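Supplied in structure tokens, the structure appears directly below.
Per-chain residue numbering starts at 1, and chain names A, B and C are given in the order in which the chains are listed.
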Amino acid sequence: MSLATIVSQLFKGMGITVEIFFLTLLFSLPLGLVLSFGRMSKNGILKSVSKFYISVMRGTPLMLQLIVVYFAPFYVFGLKISSGYRFMAVIIAFVLNYAAYFAEIYRSGIESMPIGQYEAAKVLGYTRSQTFFKIILPQVMKRILPPVTNETITLVKDTSLAFVLAETEMFTIAKQIAAKETSIMPLMAAGFFYYLFNLIVASFMEYLEKKLNYYR
Amino acid sequence: MKKAIALLCAAMMAAGVLTACGGSDSGKTFTVGFDAEFPPYGYMDENGEYIGFDLDLAKEVCERNGWTFVAQPIDWDSKDMELSSGSIDCIWNGFTIQGREDAYTWSVPYVDNSQVFVVAADSGITSQADLAGKVVGVQKDSSALAALTGDASDLASTFEELQQYGDYNVAFMDLEQNAIDALAIDIGVANYQISSRGDSFVILGEQLASEQYGIGFKLGNEELRDKVQKTLLEMADDGTFMKIAEKYSDFGLTESICIGK
Amino acid sequence: MNLLEINHMKKGFDGTGVLEDISLSVKEGEVVSIIGPSGSGKSTLLRCATMLEKMDGGELKYMGEAAAWEESGKCVYAGKQKLKEIHKHFGLVFQSFNLFPHYSVMKNITDAPISVDKVSKKEAEERALKLLKQLGLEEKKDAYPYQLSGGQQQRVSIARALALQPKILFFDEPTSALDPELTGEVLRVIKELAKEHMTMIIVTHEMQFAKELSDRIVFMEQGLIQQEGTPEEIFTAPNERVREFIGKFTA
């Protein structure tokens, strides 16, 4: 297999890696926010359920969660699955897992907001949701950007765990090419691509951070 | 906003389950589960397509039956779950019958396979007796491992250590860098690796075990097994089977064919 | 008419009474200063009056309309809609400004009128510009709070409160977080407002300022109003505690 073929194959896998990455962020960022509300809720049941969910998601391997999400429909509910579900399962597992991490990041950000901001908004007559979305959330976003960047960079690398479901993302492909070529070169090439991907992600986050630096 | 998210999630789940209910069992598609890191039986070719001896056979079977052929790479550890959950129709991938007779509904055996030891050419190891006190590698859940923990456990007890690997490629790399002294492996895979890596490796003349490859179907799925097997036997009769094997003769496959014998 | 009327207000935290029994009314155009040692309940009184805290008992009325009252030993608040209307009658200036750091000065002032009172953007900006001009901050309209001095921030927060055109404005120790040299600019602004007959209730430690400005001074201690009267009455009070307290702060 020529280098050009290897690179073009890896690129195909990278497409799926990128897809996993973006879909995970797209769903887990809002889901994490909802979850953080549950975690901070005054309702005891909601609070305990959220807390338990987060502790399970953070306390068990993502690899195991992938396997459970993929196989549970059949083994637990007796539903027949098709190969279309494979990718779906990858996304669901990543979203469920990352939402737990994001929820805790949101919580730390929201709880770090000074009470004066809420009080000022209240006295000015803002409703609760106006207060949250106009005053609190934008400031929380700025505060949590560094931990979110961390999580996002981890996600890029975590996408490789999709190989346990034989989803043909970049790492799976790299392993397959490595087997065919009986060489580790394809894995090194994949590593380079992951690095490149993360370089882009990190620069984007840095750009965001700079953009939010218009205030302190 | 909360509602929108909930809806999206629900939609995702639903889509997953719906497609799940759709495709399978129609008889029109035939999904072969295989480990894409198992050349020459199933692997990725120059163009990034999945090929291999087993996949070529399966493709021919599909063509003759008018089925759509789907090659589904799987994680070898999850093969049983994949099969019983219905995401694949069979495991066709240099799949050893011996030791798994009761776990699957099997086709007739089509390849005689043996388990052998591969050592570095300059290691000085020439017989199984020389392996005493050495570190031997083996793929987890492989036939070689089954042999070494079963019939050949006396031999295994003379090893310094039995090191299990997730895939052959890493195992061979470890052999190459002398982290292990020998590798217990299927002969077909050994031939492929050696032909690709050059002749710094040799296969010991003494075999560890011999066995046969078959196609594994979900237990009780005789209907599909019979259809596939019938076509396969027809292919053996009209010479197509051998023709496909010859494409892989570099890896010593032609000598191993046992179908129809 | 009394703009604000507080009757027998009570408030405790975890069983310790902070406000024992407070009654206070403020007429239109009046400037009332509340003085007293720390822990006397001044800030709590302000927080209860602005409904940042819920009182335990008593009655709270704005423009004759009840915001909270006592019913069979419990304090009941008016409905959401009513409270929303009552909220429009007052504004509060915090000790620590509490400006929104992610909004420009302009947006800090215009956002509440636009999104709470549904004033048009154009009108809100006209109002804001007028206020900024009045407070000498016109050229800072596009600055962000962190770029301003403490005194400037406090003036912006006064403008923010005024932009909603409240009938009554509360100040919670408006100069306590400021360096002495910045205190003057904020006090000047409050004096200006007094000249325009803005109704104000000011919790402060600035005795001289309170004396010059107030129509009435309230001295609080241990959750009670110990003395109430014109500046002259208070500053020449026969009450030992009041005199001692004032002496400490004017020395």
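One rule holds for everything that comes next: a contact is a pair of C-beta atoms (placed from the backbone, for glycine too) under 8 Å apart; a residue touches a chain by one contact, two chains touch by 3 or more.
All of these numbers come straight from a predicted model, not from anything done at the bench.
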Maximum centroid distance from chain C, chain identifier (CA atoms): B
Chain closest to the middle, measuring from C-alpha centroids that were averaged per chain: A
Interface ranked first by C-beta contact pairs: A-B
Euclidean distance of C-alpha centroids - chain B vs chain C, Å: 80
Centre-to-centre distance between chain B and chain A (centres being mean Cα positions), rounded to whole Å: 34
Whole-Å gap between the CA centroids of chain A and chain C: 46
Of chain C, residues touching chain A in the complex: 50, 52, 84, 87-88, 91-92, 94, 96, 98-102, 111-112, 115-117, 144-146, 157, 160-161, 164
Chain C-facing residues of chain A, complex: 114, 116-117, 119-120, 122-126, 130, 134-135, 138-139, 142, 214-216
Residues on chain A engaged by chain B in the complex (per definition of touch): 1-2, 5, 8-9, 12, 27, 30-31, 34, 37, 67, 71, 73-75, 79-86, 88-89, 91-92, 95, 163-166, 168, 172-173, 175-182, 184
Chain B residues touching chain A - in the complex, by the definition given at the top: 1-2, 5, 8-9, 12-13, 15-17, 19-25, 31, 36-39, 43-48, 70, 72-75, 77-78, 81, 84-88, 167-169, 172-173, 192-193, 196-197
